[in-house]
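Shared chain: subunit A. Partners: subunit B in the first complex, subunit C in the second.
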Partner chain A sequence: METIFQLIAIIAITVGTFFSIVGVLGMVRLPDVYARLHATGKVGVFGVVLLLVAAVVWTPLGWARALLLIALLMVAGPVVAHALSSAAYRIGIPMKRPVRNDLEQK
Partner chain B sequence: MKDVLQIVLYSSLFIHLLLTAVAVWRVWRGENVVDRLVGVELVTTLVLAMLVLVSLIEQDSIYIDVALALAALGFIGTIALAKYVADEKLF
Partner chain C sequence: MIYVWPVAVLTLIYLVLTSNFTLNNIVAGMVVAVIVLLLFRPQSGNLAWKRLPTAVLASIKYIIRLMVDLLVSGIQVARIVLSPSMPINPGIIAIPTRCESDLSRALSAHAITLTPGEMVVEISEDGIMYTHMLDVTDADEHVREAQEMRETMLKKIFE
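The block that comes next holds the complex of A and B.
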């Protein structure tokens, strides 16, 4: 039983770290603020939540708090991304190569 | 199997440290204010990930409480800053 938990923890940590790397890479490489918000959302939700899945499985007596943190991150991630992108749009930060701008056609 | 887990934990912690350095450099170089805000949010999330990793390494679940507090406060702080940036006033 012990090795199964360790195996789950190892897989969750490696995949979570992979998502963190992809998120930060996207944060550095993408052209404008809106695309960067798209990248940082991944780190916050996928990276940390998978690490918390490992924490649920492996840390003693910590599984309830880890589930609570998973729920908080699942709610907080998109809300922060929406708040930042609406703030960016409202102060007029231009989009590089916009395909479609729904807000303008109003 | 246990030492494989230790190796994975410490390498993941080191990778997250490098990612935090990249994110801090990104905040320093950000073109506009929302860029820097996004960078700060990313740094908060990476520190959160490192806290969870430390709680896995130390086998002590007190660090998850610290991560919980950081997540809640970071979330509220970023929302308040975004509102201040958008409306030039907070209340």
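The block that comes next holds the complex of A and C.
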């Protein structure tokens, strides 16, 4: 049982770290504010959630706190992305090479 | 009377966060919960006890769905970020919503943001959500389908 938990934790840490790195890479590589928020708002949250999953199965003490944090992060991540993108659009930051923009025609 | 449940839930969260289940701490948690509720004044929706089981089941299903969406969207964005040619066709498309209340609209927008490659930028007065997508080619059909499914789930929770 102990070994299985350790295995799960190791996998979660590895994958979580990978996705956190991808989040940072996306922040650098993607072209504009809106696309970058996809990387930070979702992939970044996903990475942290996986690290917390590792904390849940690894440490016996902090599991309730970690579950609560996962729930709060899943609520907060998209809301932050939404708020930032909305603010960016309102002050008129343009998209780079948009294929289509329904909001413009409104 | 309607404040009993919120107080209980908030107290439980406080206890979990402090991980200290002595009587002192329980009382302290209740005091904090009451203060928080006094500050925020939740709107008292009429809670229908009869359909509580369906609502709870639907909520659990919805949360699992959100988890899966988060996973898929993480993998999808990772693939885009890591590919050398960066295959994106960004754009903003309009997604109509049938949700009436503010809360279900907000939840719907939240769910859209968690689905792969979509992020709500703006919501208009009549409930149209302008969504930024990393790939807008033939997005319409796919989006409408997913939207239908999510709204049926939200309807089950709220009505």
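To be clear about the criterion, the second predicted complex is superposed on the first by the 104 of 106 C-alpha atoms of A that agree within 3 Å, B and C clash if a C-alpha of one lies under 4 Å from a C-alpha of the other, contacts with A are read in each partner's own complex, and residues count from 1 in each chain.
The criterion applied here is as follows: a contact is a pair of C-beta atoms (placed from the backbone, for glycine too) under 8 Å apart; a residue touches a chain by one contact, two chains touch by 3 or more.
Every value quoted in this text rests on a predicted model; they were computed, and no experiment measured them.
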item	value
Fit or clash between subunit C and subunit B when superposed on subunit A	fit
Touched partner set for A:9, first subunit B, second subunit C, both or neither	first
Which of subunit B and subunit C A:103 touches, first, second, both or neither	second
Touched partner set for A:86, first subunit B, second subunit C, both or neither	both
First (subunit B), second (subunit C), both or neither touched by A:95	second
First, second, both or neither for A:54, with subunit B first and subunit C second	first
Which of subunit B and subunit C A:38 touches, first, second, both or neither	second
First (subunit B), second (subunit C), both or neither touched by A:30	second
Overlay on shared chain A, then closest C-alpha pair between subunit B and subunit C (Å)	7
Contact residues of subunit A, present in both the subunit B and the subunit C interface	37, 43, 47, 61, 65, 68, 79, 86
Residues on subunit A engaged by subunit C in the complex (per definition of touch)	18-19, 22, 25-26, 29-32, 34-35, 37-39, 41-43, 45-47, 49, 61, 64-65, 68, 74-75, 78-79, 81-82, 85-86, 89, 95-104, 106
Contact set on subunit C toward subunit A in their complex	13, 16-17, 19, 66, 70-71, 73-74, 77-78, 80-82, 86, 88-94, 109-110, 113-114, 117, 119-122, 124, 130, 132, 134, 136-137
Parts of subunit A lying in touch with subunit B, wherever the complex brings them together	3, 6-7, 9-10, 13-14, 16-17, 20-21, 23-24, 27-28, 33, 36-37, 40, 43-44, 47-48, 51-52, 54-55, 58-62, 65-66, 68-69, 72-73, 76, 79-80, 83-84, 86-88, 90-91, 93
In the complex with subunit A, residue positions of subunit B that touch it	1-2, 4-5, 8-9, 11-12, 15-16, 19, 22-23, 26, 32-35, 37-39, 41-42, 45-46, 48-49, 52-53, 55-56, 59-61, 64-65, 67-68, 71-72, 75, 78-79, 82-83, 85-87
